[in-house]
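Input: one structure, supplied below.
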Amino acid sequence: MNLRPAFAAATVMLLTAGSAIAECPADATGSVRILSNDFAALAAINERAMSCATSTLTVTANQSTQHTDLQVPALTANPAEYTVKFGANGSMTALLTAGLLRPLDDLVAKYGQDLLPTQLIKIDGKVMAIAFLANAEHFYYREDTLADAGVAIPQTWDDVIAAAEAIRAKGTMQNPIGLAYAPGWELGQGFVNLYLGQDGELFQPGTALPSINNEKGVKALETMKALTGYMGPDYLTWSSDAMAPLLEANTIALTNFWGSEAAEVLPGTERAPTVAPMMRLSAAPKMTGYDHPATTIWWDGFGIAKNIPDADAETTFRVMMHAIAPELAQEHPDLAVWLVKGYVPTPAAQGVIASVQGGAPSYPTVPYMNLIHTAIDDNIVGYMKGEESAQQALADAEAAYSTAAREAGFIQ
Amino acid sequence: MTDTPRAHRPPGSLVALAAGFITIWLIAAALPFVWTAWGSLKVEGDFFSMVSWKDAFFGPRTTALTGSAFTFQAYRDVWIGQEFWRQALNTAVITVGVTAISLTFGTLGGYALARSTARYAFWILIAALVFRAMPGLTLVSGYLLPFFEWNLWGHQWTTIIVLVALNQPFTLWLLHSFFLSIPRDLDEAALIDGCSRLQAFRLVIMPVMWPGVITAGIFSFLVGYSDFVICAMLLREENQTMVPKIIGFLGTTQQPGQVMYSVAATVSVIVPLLVLVLFSQRRIVGGLVSGAVKG
Amino acid sequence: MLIHPARPTHMPHRTFALFILPSMLAMILFIALPLVSVIIQSFHIEHPQVLVQQETCDPFGCKTETRVDAAAMEQLDAAAPQGQYNGIGTYLNSAHLAVSELGTIWAAAPDLSTGLTQTLNLPFYRALLFTLIYTLVVSPVSLALGLLIALAVNVLPRGVRGGVIYLTLLPMIVPSVIGALTLFWMIDQRGIIGAFLQWVTGDDTLSLKASGALAWATLFVHGVWSNAPFVFIVFFAALQTVPRDTTEAAMVDGASRLERLRLVTMPHLAPIATFLMLILVMDNFRVFESIIGLSATAHASSLSSLIFFALRGDTPLFGSAAATSMLTVICIFVLLLPSLRNAWAGFRPKA
């Protein structure tokens, strides 16, 4: 069943009068203990959750950058250290693999009237998590620079290279492209986006064996290498955060980074105030010959721990319903692309929504996805620096992945 | 402690040479910090300017935004807005705890290792070395599950003991080396006079051990104070210490303006150490040592 | 009056035990036992995961994906929580000693240089090379620099020392992650150090972050810069305990300042120097925070950064991290053998 039209419709739906507003559970007892990552959108949700605290109900939140390291041991303990965990599609998989989350179907039936059907994350028919925001890496560009060079808005990555060449020829900027190619995670993400943008299969069907050393893998690598021809020499140290200052310094005009950071380059920002009026957002460019943006869509949501008493689980769910109620999107429309009822997309959300509506795939959540992401990230640097061929780099990545997957038990 | 007699003072040329060398070194050592302190009084656009380093010096955007080339906005935001004083208090608790316990365990153990003539003392030192060689990250990852199961995770005492334990190998070796350099004559004399080992330790050795104890104390203090990995992994948010919080300001996705919180917070945590160093440096330099050893 | 016994007084075992008990207990609980656990972990891998195809629905569509059957895994894990015994398989796999890969490379290599290049392409050996070079460069240089600084500060007038010591200690006091980040901005092409270097070399495109060799050089300089204060403070404290009577006797005998340095001070500092070298080698061999802080992961990897990346993320590889940790400990011991032999020689006469 394709829910994409439903999602698209939901994102432009206006708040209808008469929808129930989730209240904090009155006279609830016990404790709600949240473990989450540490960024502003989650902080807003945690604040709303903590407003439900009473003399009998304690609500605490641990916003930690170490949350991925803590989640499995913390939820394995009985009773679990935390009752609810926020995570992105990738980190939820680890909890699901370890069997640490409980099915939420009954709780959704009882208290989830405000939830959109697209928010329910179903595994094998059971609701295991509730999503509340979406994110993706998409395209940002300087409208004035493109107009000045006489280039149309790039639709494909080849168009991006052509546009960069035109800007360079015009003499405006020497290296107009900026991409987050720092190894550690982002470089691997760059490859995954371009590979999946060609409808590539990362694994041999039905198995955990890798399948990236092929035409599409080579094409993805060659595209990345071609793009670096128009990037500054330090590009192997650039993370997503580095893009806004580079834009502000008038060094780059074409970039691709996270939608959640859009506010940093739009009017009202302190990080890039000079260029903000000229920045435009669009869906991520496609790979030539394919019909959807070459990027992956991520969702963030929450799951409820299994190793806690049912009463705590119910209280936690009700508190979370209040925390992610439609008011959240009304109070903080700029913090994220919310997946809640009544969210009105802001200008900052355009790129993510365009990428979703364009049909970009969601980031795969197979249990061994992280292993191949890491293996790719570790092994393509040599190719990027010109030290080895694309096939060699991909072969190294497959070998590294196979070793890791063997250790993790996915390959025998 | 009398002044160094004139004949023993270093010749002026040597002092000049030393001073020149030290000056070059000090510029290298202090420049990043001085630069950071200077930059903490600017806005992010200047200190992290992608246009030119001169922006951090002159502060054009700071002047544009606040009317003056210097601003304490980042400090206000960090200490009042972000309530950084909570983390400062937590750090004080952890640091004092780690230093006190580490020194107690370490001086007792180091003394025993230095004065023992048995072979097992050597093997204990080797074992301590093996322990020290172990990458800490691997150990801490192993702690998580047992700590959660036994309800030890998140408390300040757990972190203090872990930091003490992980630092013991270093403290034992350092103090044992210092104790070795104190002649056995001193405590032998005390023992012969009828003191127990503990009394000999407390009354005779400790008074002359100040340089070693202070040095070990400084390191224990720094372990508790600048540790990141262990505090980040083992403490609850309300017990969080300063360094993880500073890294947290940088976060997984930088919010506009937050990077200046980490800059201001970094400067804030370093300045009080000036007091610590000035205090301890007098004790190290003081002549308590020479008099006793000579006797 | 002092009596000089022919033999030092023997410390009874019970007294020794009492003195060292608190320290030993802490180390056993938090290092020794986990160490045993790590060793055991390095010989195991995860159970074969039971995979099933399940339909997953997320906000953007439904598809059939491979998932782990958590219930089945629970039973396997309950029966054998350690995982599947793998012997030294993890140590020999391609992410570690890569024994079979090495065999293939050297059987087919036409010449030494191709063989070496391919060997250094293997993750463990690439990391080992950097780690070894880093340790063998940074440790002695830091030791020498710290000693020079300590000797120089010892010569300065008393009043100046306090401020000098404080400023000297700064690289050590500043938490290393913060220090590396500050340096990262300063060495940027548009940062103050980067701009200075471009001016000095006359090369407008010079970038410390772009080239592998320059990135290594930056890491080495950062290593010495942050190690030297630690060496300095230890040597400086030790310089205050140089026995005055020996020094005065030497002066009476007419020894020059340099001779006093060589014959009195240096021997006094020797045990401290051994200790410092041990610590420096151990700490430098475990370098990784500066690689992350200076965003140099593209150009340099160390054994500890391998561990860091193995443990990070959604599927931490505990066995792999454990094996790399044990290999790190073994390598450190190989490096320390000379110093350890000195320490043993210094210990024996007491018995």
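We just call them A, B and C in the order they show up, numbering each chain from 1.
Assume a contact is a pair of C-beta atoms (placed from the backbone, for glycine too) under 8 Å apart; a residue touches a chain by one contact, two chains touch by 3 or more.
Since this is a predicted model, take the numbers as computed values, not measurements.
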item: Most extensive contact between chains (C-beta pair count); value: B-C
item: Chain closest to the middle [Cα centroid of all protein chains]; value: C
item: Chain located farthest away, centre of chain B as origin (C-alpha); value: A
item: Whole-Å gap between the CA centroids of chain A and chain C; value: 35
item: Whole-Å separation of chain centres (CA-atom averages), chain B against chain C; value: 18
item: CA centroid of chain A to CA centroid of chain B, Å; value: 39
item: Sites on chain B at which at least two other chains make contact; value: 48-51, 141, 247
item: Touching two or more other chains - residue numbers and ranges from chain A; value: 69, 249
item: For chain C, residues contacting two or more additional chains; value: 190, 311, 316
item: Sites on chain C touched by chain B in the complex; value: 2-5, 8-11, 13, 15-16, 19-20, 22-24, 26-27, 29-32, 34-35, 37-38, 41, 145, 148-149, 151-153, 155-158, 161-162, 164-179, 181-183, 185-186, 190-192, 194-195, 225, 228-229, 233-234, 236-238, 240-241, 243-245, 251, 257, 268, 271-272, 275, 278-279, 282, 285-286, 303-304, 307-308, 311, 316, 318, 321-322, 325, 328-329, 332-333, 336, 340, 343-344, 347, 350-351
item: Interfacial residue positions of chain B with respect to chain A in the complex; value: 43-45, 48-51, 141, 144-145, 147-149, 153-154, 232-233, 236-238, 247-248, 251-257
item: Residues of chain A defined as touching chain B within the complex; value: 37-40, 60-66, 69-70, 73-74, 76-78, 81, 240-241, 245-246, 248-251, 258, 260-261, 263-264, 269-271, 273
item: Residues of chain A that touch chain C when the two form their complex; value: 1-4, 7, 68-69, 89-91, 93-94, 96-99, 118-125, 131, 134, 182-184, 203, 206, 208, 233-234, 236-237, 239, 249, 297, 299, 339, 356, 361-362, 364-368, 370-371, 374, 378, 381-382, 384-385, 388, 396, 399-400, 402-404, 406-410, 412
item: Sites on chain C touched by chain A in the complex; value: 45-49, 51, 53-62, 65-68, 70-71, 73-74, 83-84, 90, 93-95, 101, 121, 123, 184, 188-190, 205, 207, 209-210, 212, 292, 295-299, 309, 311-317, 319-320
